[in-house]
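Both complexes below contain chain A, partnered by chain B and then by chain C.
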Partner chain A sequence: MARGSFAQILRRAAGALAAAFGASILIWMLIPLAPGDPAFRILQAQGVLDPTAEEVAEVTELYGLDRPLPEQYSIWASGVLRGDLGISYQSGRPVIQEMQQRLPATVRLTVATLAIALLISVAAALIAARWRNQWPDSLLRVFAFLTAALPAFLIGFIILEFVVVRGEWGAVIGDGTWAGVWLPALALSLGVFATWSRLLRSDLIVAQGKRFALTLRARGLTEGRILTRHALPVAAPSFLHAVGLGIGAILSGAPVIEAVFTWPGLGSYAVQAVSARDMPVIQGYAIYATLVYVASSLAADIAAAAIDPDADPDRVR
Partner chain B sequence: MSRKVLSRSIAAAITTVPLLLGTVSLTAAQQITEPLVIASHRAINTLDPTAMNQAWQLRWGVGETLMTMTPEGEPVPWLLESLVNIAPTQWELVLREGISFQNGTTLNAERLAAFLEYQSANSTLAGALLPDLQAEVTGDYTVVITTPEPDSVVPRKLVQYNAFVVYDLDAVRAANGDEDAFAASGYMTGPFVVESYSDTELVLTRNENYWQGTPPLPGVRVLNIPDAQARLTAVRAGEAHWARQMSVDYGPLLENDPQAFFLQADWESSIRIEMNQAVPPLDEIPVRRALSLAIDYREIAEDFMAGYMSTATGLYPAEFAGSLANQITDQSAAAALLDEAGWVDSDGDGIRDRDGEDLRIVLLATGGRSDHVTMALAVEQQLAPIGIDIEVQQVERVGDIALETDDWNAAVVSNGTLSQWSGSYETQLTRYHLSDSVQNYGRTADPELDQLAADLISEFDPDRKLELFQQLQRLMVEERAYLIAVTMQRPSLVVDETYQDYQLSNWFRHFRWDTVPTNP
Partner chain C sequence: MSAVESSVGRRGQAQGLFLSPQGRAGLGLLVVLGLLAVFGPSFTEGGAYQLNPLERLQPPSIAHPFGTDHLGRDVLARVAAGARTTLLATFLIVGGALVISIAVGLIAGLSGRIVDTILMRLIDVVLAIPDLVIALAVLGILGPGFGNLLLALTVASWAYLGRLARIHVVQSRDRPDIWADQLAGVSTARIVAGHILPHLVAQLSVVATLRVGGVVMSFAGLSFLGLGAEPGSAEWGAQLAEARIYMFQAPWMVIAPAGCILWTIAATNLCADALRDGSKA
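Right, the complex of A and B next:
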C-alpha cells in the first residue's frame, strides 16, 4: 500500500473517531431531550402504565434522575468507555450482557445477508453486462427497481406470506440459527441488491469498452471470460465502496427484518426498546450501529486501496 | 362493598365462572398433547414476584389471587373461602383448605399473613393500594387484616393481579433474587409451573397437584414477538395458537381469514377524553358539557370503529352495576349551552367565537394508536357542525404531554374509568381525577369531588355506596362535565381455528386453568 494511501486511511480513521464521539453525544441526549418525566418513561417501559407517586419516586432515586445533567452525562460516558451501557429499563439487566447474548444471531444474519447480497448482485451485474440492453438486462432492471421501491418490511411480509404461510417452508419465528437465517437474510439482501447490482453493471460496461477489452476480444477471448477475469477486478474498487456503505443500509434494515421474522438479534432488541422507549438499549444499539458503520466504511476504504491499481490495464502510469 | 358477609361459595366460583366463559368438557380436553402456544408482545423480565408489574403470573396460570372477578366485574373469592368485613378497618380472610404451593408447601394462615405484610411493605404497588397492612393469624386458615383507614375497596384490591398474586415468601426469600432459583422454587399456587424462561420464551408445564384438578393442557409456551404483524403471521402459519395485544384494526382484516380469528370479550372499560380545566375554553363548564352533548357515541362505536367497540352511554359500561346512562347525544342542547355562554359565530366563518377568540380545541391523540386517532378525527368531524373547531394533534404519548404542558385542551386516553386489574372505579378516580392525583391530567381541583371519593372509599353500606356512585357520575358528567367516555373497549385476541369459539374474559383473564381448544 502506498504511503499516500496509508495517510489517507489514518485521516479517515481520525474522522471516524470524531464521528463516533459526536454520535455519542447525540445518542446520550436521547434521554434528557425526550419529552416527559424520565421516571415515568422507565416505569412505562417496565409495563407500569399507571405508576403511583411512590413508584415514580423510587425509580427517580434508583436511576439518579434527580442529578444535574452534566453529572448524568459524565457517569454515562465513563460507563460506555468501560463497556458499561447501563441497565435496561425493561428487563433490569445490563444492556451489554443482553447485547452479547443477541450478537451471534445478528452476526449470522449479517454474514448470510452479505453472502446472498454479494452473490446475487455480482451474478445479476455480470448477466446484465453480458447481455446489455437485451431481455436479461431489462428483466433484472425491473427486478432491481422493484426491490428498491419496496420497503424492507414489505419484502419480509411477502416472503412470509408466500413462502412460509402458503408454501409451508421455513418458519415465522426465527431461532437465531444458521438453519433459519436464509429467509430473513434474503429479505435483507434485497434491500441492497438494486444499488449493488446496477452500480457493478455500469462499471463492468465501462470496463468492457476499454482498450484492454478490445484487445482481448481481438485475441479471441469470449465475452464471459473478459467480464469475469478482466473487467470484474477493474470494476471492483467502486463496488467495494458501495458494499462498505451498504453495510449501513443492511444495519438500518436489520431491525425491521429481525422484528418481522422474530429473529432474536440486536435489531429486534432495538425495535422492542424503541416501542418501550427503553433508552439505555436504544443508546446501546445506536453505539453499536455507529461503530459498525464507521468500521465497515473504513474497511471498505482499506480494501479498495489494497486492490492492485494495476488491475486496470488501461491505467496511465 | 357490604359490611356483611362478602363471601361467595368457592364451589360456585369454580363451577359457574368456567361455564359462563364457555369451557369445554374435560374428558375431551384430557387427550390434549400439545401445549398452548401464545404469541405475546412483551418479554418476561423477571420471575421475582416482588418486582413491579408482575401481571404475567396470573395471566399465564402460574400464580393466583385471593379474589377474582365474575364476568360482570363482581369480586368473588378464589383462593379464599370467604372475605368478611368485621369492623371499619378490619377484614377476616378465610382460606380454602387443601391449597398448596407448587413446591408442596401448604398455603395456611401463617404463610398468608406473612405474604400480605411483606407485600404491603415491599411492593410499591401493593404498598400504595394497601399501605401499612397488618395481618393477624386467628386460626389455621383464618387471617384478620387491619387497614389504617376504613377501606371498602379491599375486595377489589385483592383481585388486583399485578399486586397481590400469592407466593410462598419463604421460597422467594430463599431464592434471594436468583432467577434460576425462582424457577425451581415452585413458589406459587397456579395450574402451571415455570420450566424455563428467557427473553424470547417462557415455558410452563402443568401442575399435576393443582387444587382444582389436573389442568387439561400439558403446558404453555409464551413467545415474545414484539411485532403485531409477526404475531398474526405466527398464528396463520400454525406456529402459535393465540396472538395477544392485537389492535381493533385487525378485526375487519380478519373477517374472512380462514386461518386467524379476531375474538372479543363483551365489554371492558372506556376510552376517555380528558379535558384540561386549567386553560380556556375548557375551563368553562358549559363548553365541557357542550362537548359531551355534541359527540355521537353510537356513530363512533358502530361506524367509525366498525362495531369493534361498544357505544358509551355513560362513564362506565352499561353492564357494570350502578352505572348511569347519563351521557347522551343532543347537539341542539349543546348549541344552546354555547349560545348561552356567549359563544356564537359572529363573523360567519362557521366557528363560534367570543371576545375575538374562536372556540378552538386542541385534541391530543397518540399517533401510534390508530383507534385513538380515528376517534379524535371522528370527534373533529362531529363537532364542526355546531361551530367547535377541533384541531387534532398526534403525539408520541399523550400522557407525557398532558401532564407536563398546558398546550392542549383535550386528550384521548385509553386506560378508562374502571381499572383493568380490579374493576375498581375508586382506584381510577383516586389516580386521575382528584386534587392530589398523581396523573391529574384534567387539573381537576374540586373539594366536593375529593370528598365524594373519600366517602365512597370509606362507605360499606351497599345501598349508600350505590347512591354515592351515582352521585359521582351525575357530578362528573351532568353537573361539572369533567370527563367524557368516548367509547367502550372490548378486550381482544387473535386465535387459530382450534380456539375460534373460545370465550374471552372482560378482564383480560383469558387464560384459565381449564382452558382447552374449542375445536381440537
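Right, the complex of A and C next:
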C-alpha cells in the first residue's frame, strides 16, 4: 500500500468517525422531537400508568430532562457508550438486553445475505462478461432487470407463499437459526444483485479491452482465465466500493424482509417499535444500522485501497 | 458524476428518452399506467371501495376483468385507484426531495464557506444513516400514516441529490456565460433564476429518476407492513397485505397489485436508464 493511500485511509476513517458522531446527534434528537413528555413515557414503560407530579419530576431530574439540550445529549451519549440505550416503552425492559437477544438472528441474516449476494453477482458478472452479448448475457440482463423491478418484500412474499406454504419447505415463522436463514437471505440479496452484477460486468468488460488482456490473449491464455485471474482483480476496487454502499441497501431492506418472514432479528423489532412509537428502540436500531453501515463502507474502501493503490475512496460514482 | 458534468446534454437526454428503444418502452409503459390511473376507475361501476358480498373472490370475467377480492370489491378498480395513489405519492416524494436538495445546493453553493461546510457535513451525516432507518425514525416521531410516510420518504431521499446540487452550483460559478453575466452587471438573483436553476433542475431530475424505483418500492413495502396507507385502502402494498391469505384461493388478488408494482418500477427504470445514457452521450 502506497504511503499516500495510507494518509487517505486515515482521512477516510476520520470522516467516518465524524459522520458517526453527527449521526448520533440526529438519532438522539428523536426523543426531544417525539410528542409527549419523555419522563411521562419512561414512567409508563416502567408500569406506572398514572404518574404523580413528584414521580415525573424525579425521573426528569434523574435523566436530566430539564437541563439544556447539549447537556441532555452528553448524558444520553455517555449512557450509549456504556451500553445503556434506555428502556423500551413497550416492554419496560432495557433496550440493550432485547437487542442482544435479537442480534444473533440479524447477524446470521446479514452474513448469509452478503454471501449469497457476492456469490451470485460475481458469478453472473463473470458469465455475462465471458459470453458478452450472447444468450447467457441477455438472460442475466433480463433477470437483473426483473430483480431490480421487484421489491424485496414482494420476492420474499412470493418465496414464502410458494416455497414455504405450498412447497412445505422451511418455516413460516422464522426461528433465527442458520437452517432457516437462506430463504430470507435470498430475498434480501436479490435487492442488490442487479446493481452489483451489472457494475462488475461492465468493469470486467473494460478490463478485457485493456492492453494487458491483449498481451495475455496473445500468450494463449483462455478468456475465462484472463477474466478470473487478471480482469477480476482490476475490476475489484470499484466493485468493493459498490459493495460498501450496497450494505446500506441491505440494512435498509432488512427490516421489511425480517417483518415479512417474521425473522426474530433487530429489523422486525424496529418495525414493531415504529407502530408502537417506541422511540428508545428505534434509536437503538438506528445506532446499530448506522454503525454497521459506516464501518462496513469504511472497511470496503480500505480493502479497495489495499488492492489498488490508485483507488480514491472519496470518488463519487 | 457524469450527469453533473455535462451541462449541455439536455437535448441529448430528451433524445435518449424518445429515441432509444429503452426510453420508448419505458415511456410506453408509463403512458399505460397513466391511462389506468386516469380512466381505470371509470371502467367499473361502484369504484374501488364498493362492497359486494355476493360476488366475493370471483375470478376474472367481463364484468370484473381482474376478478373481485374477499369483500367483493373490483380488483381492477382497486389497482387503478392504487395507481393514482402511487403516482401521486411518488411525484410528491421525489418532487419534495428535489425542492429540498435544490434549496440546500443553492444555499451551500452560493453562501460563504461556513454555511457551505455546515450543510455539507449535515449531508455527510444524513448519508451515513441507511435510508430506510431515516424513514422509520421519522415515522416513529410522527406515527404511521399515509401523509407521514410521504414526509418520511422525502426526508430519507433528499441528501444525495443535495450533494449533487451543490457540486453543480459550485461548478457553474466557473462557467463562461456566468462570468459574462457578472461582468455585464446582472444581479445574482437573475443569474441564479435564469442561468443556474434551469440546468440544475434538468440535471437533478435525471438523477432523481434513477431513485424513483426505490421510492415506489419503499412506499409499497412500508404500506405492506401497515406503516403507510391505511389497511384496506386502495394502495398496492396495503392490497398485497390483505390479499396474502387468499394467495391460492384467489391468485388474481395478488397478481394484479404485484404486477402493477413490477410494471411501474420497470417503466421508471427503463426511462432512467435512457435518460442516463442520453446524458452521457
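Keep this in mind: the second predicted complex is superposed on the first by the 267 of 317 C-alpha atoms of A that agree within 3 Å, B and C clash if a C-alpha of one lies under 4 Å from a C-alpha of the other, contacts with A are read in each partner's own complex, and residues count from 1 in each chain.
Note that a residue touches a chain if its C-beta (ideal position, glycine included) is under 8 Å from a C-beta of that chain, and two chains touch if they have at least 3 such contacts.
Predicted model, so just to flag it, every value in this text is computed and none were measured.
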Which of chain B and chain C A:S275 touches, first, second, both or neither: both
A:F157 touches, of chain B and chain C: first, second, both or neither? both
Chain B versus chain C as contact partner of A:G224, first or second or both or neither: neither
Partner contacting more residues of chain A (chain B vs chain C): C
First (chain B), second (chain C), both or neither touched by A:G64: neither
Contacts of A:G167 with chain B and chain C, given as first, second, both or neither: neither
Touching partner for A:T290 - first (chain B), second (chain C), both, neither: second
Which of chain B and chain C A:I27 touches, first, second, both or neither: second
First, second, both or neither for A:G209, with chain B first and chain C second: neither
Touched partner set for A:Q90, first chain B, second chain C, both or neither: first
Touching both chain C and chain B, counted on chain A across the two superposed complexes: 35, 157, 161, 165, 259-260, 271, 275
Chain A to chain C touching residues, read off their complex: 15-16, 18-20, 22-23, 25-27, 30, 33-35, 145-146, 148-154, 157-158, 161, 165-166, 248-249, 251-253, 255-256, 259-260, 270-271, 273-275, 277-279, 282, 285-286, 289-290, 293-294, 316-317
Chain C residues touching chain A - in the complex, by the definition given at the top: 1, 121-122, 124-133, 136-137, 139-141, 143-144, 163, 213, 216-217, 220-222, 224-227, 237, 240, 244, 247-248, 254, 258, 261-262, 265-266, 269
Touching residues on chain A, where the partner in the complex is chain B: 35-37, 40-41, 43-44, 46-56, 58, 90-92, 98, 101, 157, 160-161, 164-165, 168, 171-173, 259-262, 264, 268, 271-272, 275
Complex contacts: residues of chain B adjacent to chain A: 42-43, 45-46, 51-53, 55, 124-125, 127-128, 199-200, 223, 225-227, 229-230, 233-234, 236-237, 239-240, 259, 396-397, 399-401, 403-404, 415, 431, 438-439
